[in-house]
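Here it is, the structure, as structure tokens.
Lettered A, B, C, D, E and F in written order, each chain numbered from 1.
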Amino acid sequence: MSDPWLPTLTTASPQAGFELAVKLSRIGVKLTQPSDQVRSHLRAAYEQDSSQLISASHVIAVHFQTIAAANNWWR
Amino acid sequence: MSDPWLPTLTTASPQAGFELAVKLSRIGVKLTQPSDQVRSHLRAAYEQDSSQLISASHVIAVHFQTIAAANNWWR
Amino acid sequence: MSDPWLPTLTTASPQAGFELAVKLSRIGVKLTQPSDQVRSHLRAAYEQDSSQLISASHVIAVHFQTIAAANNWWR
Amino acid sequence: MSDPWLPTLTTASPQAGFELAVKLSRIGVKLTQPSDQVRSHLRAAYEQDSSQLISASHVIAVHFQTIAAANNWWR
Amino acid sequence: MSDPWLPTLTTASPQAGFELAVKLSRIGVKLTQPSDQVRSHLRAAYEQDSSQLISASHVIAVHFQTIAAANNWWR
Amino acid sequence: MSDPWLPTLTTASPQAGFELAVKLSRIGVKLTQPSDQVRSHLRAAYEQDSSQLISASHVIAVHFQTIAAANNWWR
């Protein structure tokens, strides 16, 4: 992850902001478990586990709050 | 999900905002597990699990915070 | 749930705001599991489970934050 | 709980605000499980469970955020 | 806990604010389980449990949000 | 941890702010379990556990909210 991956929190639309929130939630995992191989292996399991899918959705929601505020809620 | 699904956070009422929060919590799951078939299968299980229903309600609450702020709390 | 159930976030007092938070946390569950019968069945179990009661209290706390802000903290 | 139990979010000090947060987290449980007898029974168990104690502390933290904001952080 | 333990949320630095957040997360546990003996016993177990350590770190993060806002983010 | 480890919440970019959020989430664990040896041991396990990786990502998200606000969202 040597390239810049978060130059700004500004996005063109709420939808783009939501997609950035998904990205940030994944980067949070990646910075804790950097191995692509291990993450791929784990993904196969948790994608079948509704409890973890809800937890992932929760992290996205927290990041979306931050990004929405950064964009003045796209008003 | 090629059509725009989140053009704005503005809603006509608190209730419409709450329904948007439900939608966003589901999109958070869908972007992590895109297969309609797998999600339908998982839904049958977690809809019978009170712990997961409370977790789902939690994610909705976080999104509702964001949407309520975006709408200046519909004051 | 065809009747309007959330016309406003404004309440007369902090206590009424807290009660609205309880209502919203339950609606979050209801919109995910619409069957009254299933929810009644689940309630019998989770009301005896302290971990789930704490989780329910957590969701109420998040909604209460939103409602308190909407009411300018009833200052 | 027929007496008013939350007339205001204003407290004289941060410490009193924290104690109010503890109260609100318990009321959140009480409104979901109204039986004093069941709650006493559950309390005996979860007071010995560090995971649930941390969860309880989490709910207190969320309410403390709300109360601190209501008191303009006692500045 | 008869001595005042939270006279102010103001701290001299972000680091002191973080340490106060740690203190508040522990007080949240202490007010739920007041026995020093029981807490010491539980601590020996949860300090070896990564899941609970992450949960403890989460509670600290929530309190740190509150304290950072109280200090106008030490700008 | 005798050296200052959090002199400011100000960062040069959102990405640096995210990295600080990762650091704070780890310090939250370290202040609860100070033994480097125990933490290394636990890390080997939880890095293979998707549920805990999502929880770690959640804590990062909460700290990132705080840091983003401290930096006025790098606008």
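Quick note on the criterion: a residue touches a chain if its C-beta (ideal position, glycine included) is under 8 Å from a C-beta of that chain, and two chains touch if they have at least 3 such contacts.
Note that the structure is predicted; figures quoted are calculated from it, not measured.
Novice: Using the touch definition from the top, how many steps at minimum link chain A to chain E?
Specialist: Steps on the shortest route: 2.
Novice: Looking only at residue numbers at the chain C/chain D interface, is the share used by both copies over half or under half? Answer same or different.
Specialist: Different, since under half the interface numbering is common to both chains.
Novice: With chain centres defined as C-alpha means, what is the inter-centre distance between chain E and chain F in Å?
Specialist: Taking the average C-alpha coordinate of chain E and of chain F, the gap between them is 16 Å.
Novice: Roughly how many whole angstrom separate the Cα centroids of chain A and chain C?
Specialist: 27
Novice: Please work out the Cα centroid separation of chain C and chain F, and write it as a whole number of Å.
Specialist: Computed value for the inter-centroid distance: 31 Å.
Novice: Which chain E residues reach two or more other chains?
Specialist: In chain E, the residues touching two or more other chains are 49, 51, 55-56, 58, 62, 65, 69.
Novice: Is the way these chains touch best called a line, a ring, a star, complete, or other?
Specialist: Graph shape here is a ring: one loop, exactly two partners per chain.
Novice: Starting at chain A, then chain F, how do the chains run round the ring?
Specialist: In ring order, starting at chain A and going to chain F first, we get A, F, E, D, C, B.
Novice: Taking the touch rule as given, give the residues of chain F at its contact with chain A in the complex, in rising order.
Specialist: Listed in rising order, the residues are 13-15, 18-19, 22, 47-51, 53-58, 60-62, 64-65, 68-69, 73-75.
Novice: Quick one: in the complex, what on chain D touches chain C?
Specialist: Chain D reaches chain C through residues 4-10, 24-29, 31-33, 38, 42-43, 45-46, 49, 51-52, 55-56, 58-59, 62-63, 65-66, 69-70.
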